[in-house]
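Note that the chains are named A, B, C and D in the order they appear, and that numbering of residues resets to 1 at the start of each chain.
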């Protein structure tokens, strides 16, 4: 079971079984709905922005252990961050998933446990789904603000 | 469980012909390959036939005066003879494409893009593979025609009454899968073809999941078009087949233009070669046709009836084994007489991706996802399923490994 | 004749890598394969790479969760990386097709059938292969556009002045061959692309005969589309390549519809996958991409510069040798700096078919016919030619055998 | 040179070098013009029909030794035959070329020398070009007569 333990670290299974930051936000500043073309999994992501920071973030939708744990870890890691900081966080996570950056534990928090996923290309999409949704969500938010919407 | 006296095929003995199933693996895990609906494994003789082609007589076909080129042409065309024979179809109406998907697109573009118009309808079903949906959607988008979907019953069958109602004077094409790659359902294609023809519509049968697994008689089915693919029937990647009614091919304008498919080319315009070559532009999949010919000979030797009998047995074993796994739901018919040996299932509390991943650590390869049947997935209300699919080399041992791995998987993910 | 100090490639040594050139033949004739413009021979490592793929990790790509499927995907996509690297092109804009012909048809249908209209012009040349003529004729027939032909000079070059005059505001596409498979002419494609772009037209470069034989830099050429084929560059049959400008691919609607190329499919309509997969419907040529990747690695190791230098030397040897045969006329440029090593010729009093047949008895394989360039044949006033074409494994020995066989052929048929 | 002698029998080379029945017929009863898609070779065939018999037959056009010899032999073999007889002759020749009939020397005359061509599929087209042209020519003639042309 070596390979299994490698991929499914306890921390991942823990986040999968006890998801943090699950649900929707009433009156969110921005929301996106994305899906994984490989398996059809969906992710709803809401953020509430206050003073240029992510005051609240929630992810919803069903999916595999990796995608659920990644969403759970994302809500913890992004909570309270400035938008640019959050984008840097997402980019760092993306690079780690593509094996192009050594993980920064301080930045990532529990999400560092997902490092082993990089070895499973199909599962990388699962891990990235909610994280890239945050990137799109922030872009949407900024566009809405810019156009005075 | 099994009682192999019921059929004459010895899967364990046949495995010896498949190098991938017999060679020791780097990770020392035994290989329980249960993903043959995605692609089949290849017997040694198919690999050897292609290798021999390249080593002995590789040359471009149809035009070379020298002997090696004539020999290449002979081996290539012998591949066509074998395929035509397997499905009981005239060789000149047996067109090589790159895969089943291209075969369907050929018809959608060469026939549909020219013949369809505003108000015309193409009837497909909710259990079609994307390859028998999207080409029609694209061509409908260009021509103004409409694509309609025949529903599927809760038991996983086509709703033939609904189909009868939906086929009408506007129906120009009825495109239907012979055996569903997701549900395993075997559809009564002869009946459907007769229904469509009675209404004046043409018919496309996607036989991708039937030709590898059971006797398929194109003449008996009587469809205008029948498509299948090499890599799922012990053959190589890079080759597919369109078996069409000769008179349709004669009447149709060509699809891809280029070398091979012409009779004459002038600056004013061109004229076309005879069928089947009129529809084979450019250098064809030569080595692939040679490999597919060897695959057909292998299948004929094993016997398509025997393969079907074996897979019925395996399907029964599989359904019984899955029944032993708590919290598991099978999607698709339970009657093995009406289904193939592709079985989709979901497991309460464990996502199909996690099933696939976990099973892999025990050497059990199954597919997880939407199996290129998203409209069907929405219809049955799941985002994805796990799918175990068998072939002539599948043994009871594979099925037991599947069952044990699923039980362990449930425990590992702590499903209730 | 030859002086191999001028280049660094040792063709004799390289032959050892090609099983067909080294294994004893049934008829004990030595093989002088001079038909590489039709299809090249394959080095052992290409055959081994495909065989290993099937024996070790055969599985369908892009969706499988299990390790063997991930490994299959990795090897398949590594083939794409290799091809993209060879022609200096972004990998995501490097689309696998079944051959060069499909690559050109993809553009003709996906772009041309939607974008062309009455009054629009597609400019091709009189030296195009049918594969870069007929797709445009078919799509012009549907859309009402016109296909025009740029003339060829008596010396076998494109008439660039005429081309300049023909390119105008109605020109929507300029489609031109990089190296003529019949005349051997190397066309100044960078200049032509610039001319076309200045007039607002798109460009298709048929690089089928250049990519195997010389360094080709897609970025430097700058065309919107560049097509080539695997089987002429030491790779297998069943695979071709379209290297396109990424923004064109993004803007274009897909061509073939089906599995792999979708993002979502619903009964109302579908959305598309990212490029390049948006243009790769159905199971791709997996083993073929693996083989082509191995072919590219082989070519890179030999060095495209070295291959070009070697072929210039061989072309010179060939022109000199043919010059020694009485009554022989070469069709195509005499300057080896402006030509590849495909040489078409006719022999007074002996028909090309008879040449091909006679030469075969001496193990010399040449092609006889119109080489899929009938408009060119009419233009230069012959019905067919014989063509000898070289590659990296061609030696002076092959050339001398060609010369001797031609002299004997003349005598045998009693030509004056 | 065994294989060569087999294909290019002396009789064939003789007909190639000294073609019989070459040329066109002024005021022919029927004419066809056909070409070989493989090499572009052309054949012009004219017949003069008198009392239901081929009173004269001529073939023109350039081509390889096989196609020229076959045309030459055809004019000899078909000369003077009734139309149905000529069609039987063509069919017999076609079957021989496809290896489906043992050659009948009496019927074929010199054309029996072409038997060896059957082993060379690409060259079979060369041999058949003029012979199949005669078949088409007779069909054209009959249609013209039938429609009172």
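Just so we're on the same page, a contact is a pair of C-beta atoms (placed from the backbone, for glycine too) under 8 Å apart; a residue touches a chain by one contact, two chains touch by 3 or more.
Only a predicted model underlies this, so the values are computations on that prediction, with no experimental measurement involved.
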{"item": "A-C compared against C-D, more contacting pairs", "value": "C-D"}
{"item": "Inter-chain centre distance, chain B versus chain D - centres from mean C-alpha coordinates, in Å", "value": "46"}
{"item": "Interchain centroid distance [CA atoms averaged], chain A/chain B, Å", "value": "38"}
{"item": "Numbers and ranges of chain A residues touching at least 2 other chains", "value": "38, 120, 122-123"}
{"item": "Contacts with 2+ other chains: residues of chain B", "value": "63-65, 69, 262, 264, 353, 357, 368-369, 374"}
{"item": "Interchain contacts, given as pairs of chains that touch", "value": "A-B, A-C, B-C, B-D, C-D"}
{"item": "Parts of chain A lying in touch with chain B, wherever the complex brings them together", "value": "1, 3-4, 7-8, 13, 16-17, 38-42, 62-66, 120, 122-123, 126"}
{"item": "Footprint of chain B on chain C - complex, ascending", "value": "19-20, 23, 31, 35, 38-39, 41-42, 47, 50-51, 54-60, 63-69, 97-102, 104-105, 108-109, 113-114, 126, 129-138, 141-142, 147, 149, 229, 231, 236-240, 253-262, 264-267, 269-270, 281-288, 353, 356-357, 359-360, 365-369, 372, 374-375, 378"}
{"item": "Residue ranges of chain C in contact with chain D within the complex", "value": "351-354, 357-358, 361, 368-370, 374, 377, 383-384, 412-414"}
{"item": "Complex contacts: residues of chain D adjacent to chain B", "value": "35, 37-38, 120-123"}
{"item": "Parts of chain B lying in touch with chain D, wherever the complex brings them together", "value": "62-65, 69-70, 73-74, 262-264, 273"}
